[in-house]
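Structures follow.
What follows is a pair of complexes built around chain A, which joins chain B in one and chain C in the other.
After this line comes the complex of A and B, so read on.
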């Protein structure tokens, strides 16, 4: 009991140390500071390979699953690179998707269609379109970069019993499908716990919840990844659940594993 | 080695072997019904035809995936057209991958190009013409391919030791001239005929918003010219003539916001006339049309070809307009429709609709329709009554 209260005291002091100077800043600067810390905490994971199951549900209760594998490469000074290969449904098995995410410029994306052996470039402005018929847009699947948004700190709050920062982030890209997002970031690890998306008209569009965070240690640093994300579209009643079946870091991937030649031979 | 060590070594060896010998099996099988909207123009042609096809795929890899073998045979049985009943080895390819190069040896398929309505630059594989009138189906091409890549782009070199003859509908098939084209009586400029050694070279790179491809081909033309001959009974028939050609190609794509600007151009020498041909256009996609999550793309491409009299070169001064409609639904429903107008002859045009959707995770239906019209002597004049609707059920395993 004594130990607990001492721990609480430590937390309180820590919170005061953080919250004290932070409170003095204005909401914009405070939001930016949190975003930078979020990025810094997630910097240095280098590369990973994940196997995932995506479950799509429409408002009539129809359900379908897609199996996919995602290889990711962290880029310093730029957005990340990702190669996604679909294993199901069978008619799209072998279809692969390559994306170079950029902080300030438009993302670059290619899709490989195995039946015709053709690599097709995707128009970058279409980032608000659905990713594989899911409730995730292409832009939701790309990496978080500080420069992609402007920020506005709203408040401190509690989410599922944990202390969180709540802030708005407004996409800088005029072709984003969103006017703003409200994000819940936990204060302990700067992990995003929840995002509310607002469409171009300013109406509530989707809610994304991250669950089952698991920690991975790479070179002595902890990296947190959500093993379940759930996106719900309030306007259509459709939802998409993204579950991570396996996730491995330090797979020895480099840039040559993320070009059009690797896309062509992905399977 | 102690006994437990020996046992574990044996277990590991067995595991390694079974991992190496693991064969992934996939592929598809389909049943298709074709119905022609008008009575046949030529005697012996059917009003409808039913066929079935199978295309299994066998894949195995070893050396941690650096080496792999892909085998993909194909077979179709057609109820009416004996020429459409055919088999092919679409792929039988060993792929070896190293850090900055790869080799592909065996039978394979390669696609070059950017445009949608015509594939001028694409020349490695022969068209399997009896499969689909749009010419998108290809025959497997024997090849030795070496590709190397870096920041500077990708260079790919091909040696093509065997020539594949284009397939043509038989006497009992539609979509042909008044007399069938006898593909197996083909004539060649080269004395080596199908054994002529062809070469090809391609450079490809992505430069920001640009995709650039430059290619060269030296060998037997994939697109024959048609000539007439007489058989023993004095009956005339049409046969393909395959000349030796050199083809230089350029293909470009530029991303311009929601627009994709596309261009392909070729210069080919060696056939009855040397010529240039080009196709240029755009595809503009709007996402989330009218409050839905559908994507709607508009396509327009202008086709130019210097040749006047090639049966297969229909895009001499033509304009293609099309719509690509993607529903983004669970079933993956897509519709592509297009219309190609000859700008010299207002009565010469063609159209197509290609729609498909998933029924379950394994079943997909496809509805394809093609329409042709011509009132002057033209390829489409011979096929003016061959408007067709085709329904396909495809099973993926």
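After this line comes the complex of A and C, so read on.
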């Protein structure tokens, strides 16, 4: 009897040693599968034009707003391209910002300054830096690419009454400002509902919530876009709200609308 | 002598019940002590509505916080421009991001240097991994020397020290736990790099380290001063009673006073701080004095052949009135600390006042009950003490004509020297030279020149207003003006950044190192620059989110309070002349400390005046004599005058703790006067001559006065051992004043009475003069 129970114990240990990594392996695979599905559900929208309002708030209650128009072009083999034109504040109105996001290499960015009528290239190492002094970093604004992260599935959960997947994603780029992100993705449409960002020392930094998702039908496929995103910085108490005022797809944009010359033309 | 009140008799007659009641009371109240917590941050020195604190907190909400940890890297070689040091700076900068709650790390390694290349604006770290070679070092040196934003801030002007500065975002409210955690992590980094780079010394400074040093100072005081005080009590009791039972009884009273006081403080929701951590020492001192009065008289009566019970009752009869008067006046003095502008000093006053009254109650009830129960032997001792005081009295009376002018001279000289005193609240100088924090501050002072900053914020109240060339020129003028002031070591200003950007955008042409022509250009250059900065190195610490306000940081010598606030108003006046329509605010922790000293002194003057009025009223009522009441006013004021005179002679530095010493010692000074005048009055009423009355007073209260002064001087003397100057200075000045009070009461007061009363007695006779 004693012998049998000891044998059981050995088996149990062996099973645990084998099963541990297997479970981890599964979590990584499951995470990757979800990420791939998320990307797949969102491909095929081709191009869009949106007008947006960004509202910055600090812990003193001060507010600042920025109006902008964003044209986006989906790229099949690479990250997306985006052209942003600022309409306010007045002193930077007409400033245009062009970015090519890449899956594996550093993003490329240019800015057009109307006051001196010149296009300047922006350092590529700034992806962790704030976009327009908001709580959004450049890397939060660029398109989602599966290769940018490694994944770890955490659990299934409920978020605002809907079933979601909760998983971790770790940035691959050494210049990222984050050690990891935790994302809540709904199971029905694979839309990101919430993201928690952790800084390089592993502390909670910011929370991003996506709200007011609206669907757009393009070639018979449903694409969901959040009309309100809210980023809150837990460390400084500052926040940024990004509201979409209008969003149109199928605007007939192509790559020629996203180069340095188009940057000069943008108004 | 009046009869004992019934409840005091009850304690003496039913000692067991009294002690049981006492134990129950202690048990219930003392549990409150478990609710006490410790706060080590510097904000405990300021009321929440303190104007400088508010200005600073508003500024912190608009801009990023400026609480920081600074690593000072001092290479053995005379310069930081060498390969090893570069590697150290680069690696330590990377590691400093791991400091808990850090939001920003700055050093010459990650400084975002900008230059023009072809038609691009290059924004890059000054030192990236592996860039430790000679040509690169030379390039960095040239960049640093031409960049006012870093020269003198991240590297000393002579290049012998480099600074790695981490900005910390502390939570609101009690931050002690976080502060200790951050400081511990910083020390780990310090140790690690000190070992890896033995040719370098690394020092830690900054606000967070200072907060930690406050906590460490309080802990040190608790660990060294409290044991020291118990040693002193034991010695005092051994010398004064020569009885183990008496010593044990006194210790029980002392311990219970402390426990109940701290317990009540806990129930009241108070917390411990660098100031209130010394409440036990003070309560102990006053409790011992009370107990010794009761025990010494009891033994005197017992020696005269009275039964134990009788001797105790007799001792209570003679001691109740003086102990109550002393306790009440001392408590009033401590309660006057509520007028202090510094909340923790008010807490200290309230807690000690409660402790003093408890000591009074316990020494008059529980102590006799315990002595009554305990087995006591009464040794017969020779009585040469009394004759010694008798002789002293005669000596004073014989020489009163000489003593009086000498005393007046001493008072005059003291008043002259007390003018030497200068308000000086420099928080970093509260720490003694032995503290590691102070040593780091000294190194910083020697190499970088001071660490006191004033943050000037210019509000334009307009979106993108800071990019207006008019405003930029005014900011630039302010920057230049600040740089020209002899006490200023470094100025961080946005005007330098925008001038550099203008130059970069024009192919690094030095002619363009100037403010851009118009607002659009400035705004767009700034946008481009901001879009190029990585995480944690943005301009939010200099410009608000609306671009309507700009913060300019000036680093000054560690000046005294008056010079510091004078500099502030000089800058305000100058700027109002240059830019009358712009609103400018100045704020910083050193400025908060500079203002608090003056505010505290002001409010304490009122507190002291009120204390004087109350106490004089009490004395007049207790002695039932206007004349002696007014005499007591004089003897109450002179010791304080002498105390501050002596202080002016040897130190002259007045900090916020010293401005409260006057209120605090008031009660103790009064005690001496009251004892003296009460006995003198008694003798005069019995028809004795002035001279005989004075000698009688010497023989009856001389010993008690000397004893209490010795006990109190020893107790407060312990505080002088503190390495924290607020406490050690408070202890030293208190000792000086109470010793001065004793000398005044034993020399000046009798001489003065001889002069005052003799004149009158010759003209109108003695008896009529004393009013009842």
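Note that in this section the second predicted complex is superposed on the first by the 242 of 267 C-alpha atoms of A that agree within 3 Å, B and C clash if a C-alpha of one lies under 4 Å from a C-alpha of the other, contacts with A are read in each partner's own complex, and residues count from 1 in each chain.
Please note the rule applied: contacts are C-beta pairs under 8 Å (C-beta built on N, C-alpha and C of every residue); 3 or more make two chains touch, one makes a residue touch a chain.
Keep in mind it's a predicted model, so treat the numbers as computed, not measured.
For the composite obtained by superposing both complexes on chain A, the positions of chain B and chain C are in clash.
Looking at the shared chain after the overlay, A:45 reaches neither chain B nor chain C. In the superposition on chain A, A:125 makes contact with both chain B and chain C.
By the touch criterion stated above, A:117 is placed in contact with chain B alone, chain C being left untouched.
In the superposition on chain A, contact is made by A:201 with chain C only, not with chain B.
After overlaying the two complexes on the shared chain, residue contacts for A:261 are found with chain B alone; chain C is out of touch. When the shared chain is aligned, no partner comes close enough to touch A:149: not chain B, not chain C.
Look at A:184: by the touch rule set out above, it reaches neither chain B nor chain C. Of the two partners chain B and chain C, it is C that touches the larger number of chain A residues. Within the three-chain overlay, chain C meets chain B in a clash at only one of the listed stretches 45-53, 81-89 or 117-125, and that stretch is 117-125. Counting contacts as defined above, chain A residues 56, 58, 62, 64, 89-92, 116, 118, 121, 123, 125-126, 128-130, 133, 175, 177, 236 meet chain B in one complex and chain C in the other.
Within the complex formed with chain B, the residues of chain A that make contact are 56, 58, 62, 64-65, 88-93, 106, 108, 116-118, 121, 123-126, 128-130, 133, 175, 177, 236, 256, 259-261, 265, 267.
Across the complex, chain C is touched by residues 56-60, 62-64, 89-92, 95, 97, 109, 111, 113-116, 118-123, 125-133, 137, 175, 177, 199-201, 203, 235-238 of chain A. Across the interface of their complex, chain A is touched by residues 58, 61-62, 64-65, 97-103, 119-124, 169, 463-464, 467, 505, 518-525, 527-528, 530-540, 544-547 of chain C.
Interface residues of chain B facing chain A in the complex, by the touch rule stated above, are 26, 28, 59, 95, 97, 99-100, 102, 109-111, 136, 147, 149, 154, 204, 206, 211, 253, 255, 257-260, 283-285, 287-288, 293, 295, 328-330, 332, 358, 361-362, 364, 394, 396-397.
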